[in-house]
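Following are the structures in question.
The two complexes that follow have chain A in common; it is paired with chain B in the first and with chain C in the second.
Moving on to the complex of A and B:
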């Protein structure tokens, strides 16, 4: 079984830019909503919390947010599966809905900071980069030699 | 009356509930991804990315990876918070996850198969796990055979190459990987002590620079991160190789150190309280010298070398005398409890 991300370079270049909001709420349901009129309309800039901090509300619950860029070296994509898979083992396809370079990150009643789980999670990308960095044979030989010496010294 | 009010406030059935239910089934789930620019097809590039499952040794089961037609591969990680969802243009997306590609070294995944099949004898890659499609695809189409030099002995005869798992090289290689990760953790000033949770609340730039950098904490964390891609027993071997004491041991040691600090602090406190006492006796001396309390002691002497003991004794005896005086003529308490 494999899943194909069904787009090529051309599709990607021509795809439309999306406007995304990352909401701090679990919403049970998918579908159309009048976001422009009932949400974007109420976004205000709140300079008292710092530059670029926005406020809004979702069902009366205060939101504090900011415009964030997709992490460096990454591109934001939104994919959608148009056909339901017939069975577990059948090949599946995900189609490209659009791309985005930045999005609005919202916190519930809290100014976005380094303490947010989202920001901490992004550090993992750098760690994974460090882990996947290849190791030269020269370094490896040196390490083996060093370990042998240590083993000789310790007993 | 109040009952009536609650009945009246019962929500009316939503007229467009049915419509929205229909919409939910119509709109398929959207997924939000952060895909590395390195992987994305360039303009005019007609290749398509694929999501494939390969065995993940750390999880002990298959996990999703993104593969590029040219053989490049990245892990697909899922970032999920308990309560998150997306608004995409004018649509609600209940799937509040972010799927993110992170680079991964295919050698780490191949290591599991090498240990399983090539521990005793050298084998060529196309002979390993022929019955498992995903494994043979990993070994033959994605993995760079050159990278296996780091974890195995390579024997070549003619065009064919045979690989035999080499534990010594593997551990040295993993140790170097761990060091790379540890230095990245340090660079990013990620707090690695076991009290990390409390730091989460106030992870500011100031605190990060103040925090005590404990070499072993970084190495332990890095080893655990590398270990997430290893079989459990190999992770154990790596921990031993890097001579990392277990976390419990570290906590015990730290506690002992803290106790030492505390007892030291306690000593300081002790001297402090003594000083307070000294001051007390000074006050007593002053009282004496002021004439409010009659005493034969020289006030100067009592200030420089306080003599609280005779003072105490005397007051005690006075108390006792007073008690004895008050107790005159009263029955002994024991007399109440006599058996009659």
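Moving on to the complex of A and C:
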């Protein structure tokens, strides 16, 4: 089985910019939504919770959110599978719907904080970078020297 | 069919604009300042100028006598039950000795007044010299959006709490504006005792009376009730949908779940994702049921409501005295032990 990502990585900058909301709810439906009129119209700044904090509501449920950037070195893409694979072994093809550099993150009645699952999950980006960054000979020697220095200071 | 409807709607718009234009020409001065309610006519423009997804508070000018002479203050609400539109809290106050003005206004039993009569009294309160010189009032329009989001908070806030907070907020604002309050009369639908206790705790120096149907017993409550009811009716009349809906004459019915016009409005204006326009109180079971049937299912992340798997030693552990074999061993009570006393069953 192979998965084809059907877009040209070099043309991403020219792709459609998307306005996205990360919602704390599972919506059992697929299709267009009147986001502008039913939702964006009601987004308000709530300085009482801090700068940049926003409020809104979804079906009467209070939301507290903020505008977030995609982490540095990453790019947000929305991919869509137009044809569902018939079996697990069949080839799959994902098409590009659009790209995003930032989005609105919403919590249900909770000011966004480092306790949020989203922020916790994104720590992986730092870990991944630390693990996959190539280490040069020079870095290694510097690290050994530092360790020796530390050992001397605290016998 | 749909084309025809479109045309109708447009014509409707035109006529409304025409009327507005004429109105503006006629009393330019009156309508210029939409931050002040000086008559019945200015109430609509004032409300229309505010965001209808948020609460709005309005305080009339405080008559000078109300700052000197001890006053009575009445509190009542309008629009608690309906599934549509704001709930409005109203207060009105006047010196204890100015009861006559309330009688002249016709503030008797507000429930027996027709809509027209209430409008006339509201206009009189704001325009007639004998009233403006001694009667002041204030309202808070609690938006349906606020009602829904309060009731759907993680720690749910009941409509009663929302109501009491609003009532106490308005009384506080009257105090801050300089009203010399001596007596407070509150109409309530719930049990009066609890409400009275809470009010007394917050305002210990006032003589506070909380009673059912206070609006028919106390003219000052009746005046508050009229201000609240007229404001709620106007809020619905001038409601503009940020969602872009256009409803002919804003005919949603009374807003009570039993009203067929309201029922039809609810079933015909469901958005699959967002549910209803925010004129609707989502937290009403009528609204919830309609969405459960017709809109997409939506499940919120509510980890706070999950039962904790381990919450420390079970409280019931201390009541158990059985061993594995099933025999009951109870430690002797210290009282008996220290006194060398024991249970004896056989002699």
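Convention: the second predicted complex is superposed on the first by the 128 of 155 C-alpha atoms of A that agree within 3 Å, B and C clash if a C-alpha of one lies under 4 Å from a C-alpha of the other, contacts with A are read in each partner's own complex, and residues count from 1 in each chain.
Everything that follows uses one rule, which is that a contact is a pair of C-beta atoms (placed from the backbone, for glycine too) under 8 Å apart; a residue touches a chain by one contact, two chains touch by 3 or more.
Computed from a predicted model, the values in this text were never measured in an experiment.
Visitor: For A:33, select first, second, both or neither according to whether it touches chain B, chain C, the two together, or no partner.
Guide: both
Visitor: Quick check for you: in the superposed arrangement, does A:110 touch first (chain B), second (chain C), both or neither?
Guide: In the superposition, A:110 touches chain C alone.
Visitor: Once the two complexes are aligned on chain A, which partner has more residues of chain A within touching range, chain B or chain C?
Guide: Larger number of chain A residues touched: B.
Visitor: After superposition on the shared chain, which partner residues are touched by A:8: those of chain B (first), chain C (second), both, or neither?
Guide: Touch status of A:8: first partner only.
Visitor: Which partner does A:61 reach: the first (chain B), the second (chain C), both, or neither?
Guide: In the superposed model, A:61 contacts chain C only, not chain B.
Visitor: Using the superposition on chain A described above, determine whether A:41 touches chain B (first), chain C (second), both, or neither.
Guide: second
Visitor: Could you tell me if A:25 is touching chain B, chain C, both of them or neither one (first, second, both, neither)?
Guide: In the superposition, A:25 contacts both chain B and chain C.
Visitor: Applying the touch criterion given at the start, work out whether A:70 contacts chain B, chain C, both or neither, answering first, second, both or neither.
Guide: first
Visitor: So chain A touches chain B in one structure and chain C in the other; where do those two contact lists coincide?
Guide: Chain A residues touching both partners: 24-29, 31, 33-34, 39.
Visitor: Once bound in the complex, which stretches of chain A touch chain B?
Guide: For chain A paired with chain B, touching residues are 1-10, 12-13, 18-36, 39, 70-71, 73-82, 84, 94, 97-98, 113-115, 117-118, 120-121, 123-135, 137, 139-140, 143-144, 147.
Visitor: Can you tell me which positions in chain B touch chain A when the two form their complex?
Guide: Where chain B meets chain A, its residues are 20, 23-24, 26-38, 40-53, 66, 75, 77, 79, 81-96, 100-105, 147, 149-150, 168-169, 171-173, 175-177, 180-181, 183-185, 188, 190, 200-205, 225-226, 229, 241.
Visitor: Flag every residue of chain A that touches chain C in the complex, lowest number first.
Guide: That would be residues 24-29, 31, 33-34, 37-39, 41-42, 44, 57-62, 108-110 of chain A.
Visitor: Quick check on the complex: what are the chain C residues that touch chain A?
Guide: Per the stated touch rule, the residues are 53-54, 145, 148-149, 151-154, 242-244, 271-275, 277-278, 281-283, 287, 291, 296-302.
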